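Got some structures for you, see below.
One chain, chain A, appears in both complexes that follow, with chain B as partner in the first and chain C in the second.
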Partner chain A sequence: MNYTLHFGQVLPYLPYLLGGAVETILLSVLAFAGGMVIGAVGAAAATWGGATTRRISGYYVTFFTNTPALVQVYFIYFVLPDFGIVLSSFNCVLIGLVLNSGAYLTEVQRAGFRSVPRTEIEAAETIGLSKFQTTWHVVMPHVVRTLYPALTGQFILVTLGSSIGAVFGVDELTGRAFGVNSETFRAFEVFIVTGLLYVGVTLLATTILAWTGWLLFRARVRVL
Partner chain B sequence: MRRTIGLLVLTLAVVAAASSARARTLDQILSSGEIRVGVNPNYPPNAMYNNKNQLVGFEVDVAERLAKMLGVKAAFVVVNPASRVPFIVADKIDVVMGGMTRTPDRAKVISFSVPINTEAPGVLTTDAVPYETPAQMNTPRATFAEVRGTTDVPLLQRQLPQAKILFLEDWADAVRAVADGRATAVLADPAFYSTLLGNFPNVKWKVLKGSVGQVYYDCLGLAMGNDALRHWLNVALFSLETEGFVEKDWEKWHHAAMVVPVVPQPYF
Partner chain C sequence: MHRFAHELGNFATWYNLAFVVQAAGYTLALSMIGCGAGFVLGFLLAALRLTSAFALKPIRILATVYTEAFRRIPFLVTLFLVFFALQVAKIDVSVFCVAAISAAVIETAYLTEVVRAGFEAIPCAEWEAAAAMNFSLRQTLAYVVVPQAWKTILPPAFAFFLSFIKDSALASQIGVVELTFAGKVFNNRGFPPEIAFGSILGAYFLISYPLARLGRHMEKRLALSGNL
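Right, the complex of A and B next:
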């Protein structure tokens, strides 16, 4: 292969790519936060709900885990305008990722809910905590602590999955990398730098997750 | 531990040996009996699939004519804007088309033949929009839907710096964005969007009068240093342009003459 690597040619674009990394972090943190909320509600519905609630939760999870995230966002972005609902690129991708990660997180958190000892739930009932208070004070710290590896894995998948935003005009890291590649034609250098930036973004994102877990639920976890 | 390192070194050696392919010279192409041409079927009518699922279009016709002049077959490889140059560098294709605009940045990595067609960008918008000339759209209230990495993007950033840009993956998405109201307009050569407007019969399209200032030249791209092939391509393209083949074939696919014609020069 008659090719010489010239990273210096790509260096002027580094601030542009870093801006994309910031957009990626923003998109993935928001998507994961939304997904966790849906996941907690879905998991609570699946564990403590009646037959109909359990079935609805089941259909939601089956649909969103068995279709590609790209197809889901395509629907929101290209099909909804035909029904009069036109959302911005960022919002379309965010909603799609929230619904998608919410389904996976429902399953992850359901495992966590099941693993809380029955005695603790009964003790919470005894002292008069509502279902919401039980979830927040008893179940979630347990879930975050014991399922931390699974949650981190899901967070990294959401971060990497945010790259589908490139197809819909969200100016995140992958999209910007494609743009720089088309301008300079230096695919090797651009995508090596982008790969390294993604590693940095996922490390930063998992640190944010650990920090949030500590702040909200006093759950101490190891990051690396 | 030592075995892992040994395995790693062996893998790298195999990869390095396999990737020492160099671009095929003119002689090698002639002996092999085929020339590998990269085209992008997402740019109708320069290249697209007909209803028998065959590749057809202006660029396909030009490539087949060039192959006939060489006395070889044309083997087509589908590329997209991100892969067209890596394929040249890795010797997966000999020549690439697909609206390969000649720019100084790109000329650092590949070499170009003489131009085959031009791109004269204009502004496409709808009747629902209050602007009459491109200069009026130099405001943050105007959003242009553009394809990532095309030469229209830096042109837009230079000529209309205040306007916002929405980056999408291909022209069909960009035209759709304007039809849906996500974007105000598209800045592109009419050749790229004219076949797509028919998909939106309810939208009243309008092309603004006034140019946005620059003509681009699309050429055939090939590997750096592949001089014999490049020289032959220049001679062949001059011959095709002066005999009128390029003009006639362009009109056959685009149903209109090239907005700015390429004037063939006898010296190159």
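Right, the complex of A and C next:
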């Protein structure tokens, strides 16, 4: 084995790769935010909805958690144009990631909703809170504190999952790594640097989320 | 709509079915080999992190860095990392091998944590009792810890296997002819993407859904059988 690592040729591209990391964060924050909204609706439907909404929420979760995100995005990417909807690859990947993470976040949030003690909801009913007020003042704080660590983990998974953007030519970290690779041909070095950048980005994200969680909700998240 | 029905008729051939079944076999084989190797190595790493010999300290630190790092790198990047690492080392193996090694690399990292969590669920008193009886680490694990901890380890380990079946779709990017690759082939052969990728989504669902049910059943059974 007489291969010498040449990071010298890759280092000039570091700012470019860092820009890709910013794009990765943007993509995953958007995907996670969208997924949270869908997840909240799905979990609410599964917890308090009627038979039909419960079933729809269940079908959605079952389908999206039992198929790969990559194939879901492939499907969206190639099928939408057939219906005259032409989106950029970024938007296609974003839609796919939102739908995919939405399903997992439905499951996570549903578990959180169930963790709210029955008595607290009954107490809220007794003092005459509306359904919205109960959700906002009683259920949410409870849910957020118990769910925060799980959601942090899910955010990291979404960040890692956003790397499939590279397959569709999205200009995020992995995508840019492919670009740098084809310019420098220092494949091994490029992917070592990319891997390290992912470790850095996700560590930073976990740290920030752990701090925020502690400051806002007193939720404990393990960083390492 | 008529065209769609026509294309569906063209698509539904024995040849295509055989192709999908074979591709599904590769998806399953990849997941099973990757997770099997990952489980064995993960168990060893978790056991290694329990050792206390001073001489093993560097290895313990390395093991910790390994599990923390590879759980924070996307599988796609790991795939290419392994792909090019093997090239650099002049080890000539098939792309399936590359994917299986990558799978083992990340599953080792994830399953080390699972096994470690299982070990940690065993009360401190039992570890101390084993130590008091002068059990070696191997004996403690074999006679005290594993007979109890497997119930906490198995359900999450199975969940990682399940989620890897879906992650293994990325192996199509280095050219492993598994399900996702089959979808790309169908798409390139000119079938409408609804059929090409729809059938692949269906195939994944057929594999993953029964296993998910089995996993949930197993989890419930193990929870019912009483812990520790």
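Please note the rule applied: the second predicted complex is superposed on the first by the 206 of 224 C-alpha atoms of A that agree within 3 Å, B and C clash if a C-alpha of one lies under 4 Å from a C-alpha of the other, contacts with A are read in each partner's own complex, and residues count from 1 in each chain.
The working rule: contacts are C-beta pairs under 8 Å (C-beta built on N, C-alpha and C of every residue); 3 or more make two chains touch, one makes a residue touch a chain.
All values derive from a computational prediction rather than experimental measurement.
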For the three-chain model obtained by superposing on chain A, do chain B and chain C clash or fit? clash
More residues of chain A are touched by which partner: chain B or chain C? C
Who does A:187 touch here: chain B (first), chain C (second), both, or neither? both
Is A:167 contacted by the first partner chain B, the second partner chain C, both or neither? both
Touching partner for A:13 - first (chain B), second (chain C), both, neither: neither
In the superposed arrangement, does A:156 touch chain B (first), chain C (second), both or neither? second
Please indicate which partner A:67 is in contact with in the superposed arrangement: first for chain B, second for chain C, both, or neither. second
Once the structures are superposed on A, label A:78 by its partner contacts, choosing first (chain B), second (chain C), both or neither. both
Once the shared chain is lined up, is A:199 touching chain B (first), chain C (second), both, or neither of them? second
Partner chain in contact with A:89 - chain B first, chain C second, else both or neither: first
Footprint overlap on chain A, comparing chain B with chain C: 1, 3, 78, 166-167, 187-188
In the complex with chain A, residue positions of chain C that touch it: 68-69, 72-78, 80-81, 84-85, 87-90, 165-170, 172-173, 179-180, 183-184, 187, 192-194, 196-198, 200-201, 204-205, 208-209, 212
If we count contacts the way the header does, which residues on chain A are in touch with chain B in the complex? 1-3, 9, 78, 81, 86, 88-89, 166-169, 171, 175, 178-179, 181-188
Partner chain C, residues of chain A touching it in the complex: 1, 3, 62-63, 65-72, 74-75, 78-79, 82, 156, 160-164, 166-167, 174, 177, 187-188, 191-192, 194-195, 198-199, 202-203, 224
Help me check something: in the complex, which residues belonging to chain B touch chain A? 19-23, 81-83, 85-86, 89-91, 105-106, 108-110, 145, 148-150, 153-154, 166-169, 176-177, 180-182, 223-225
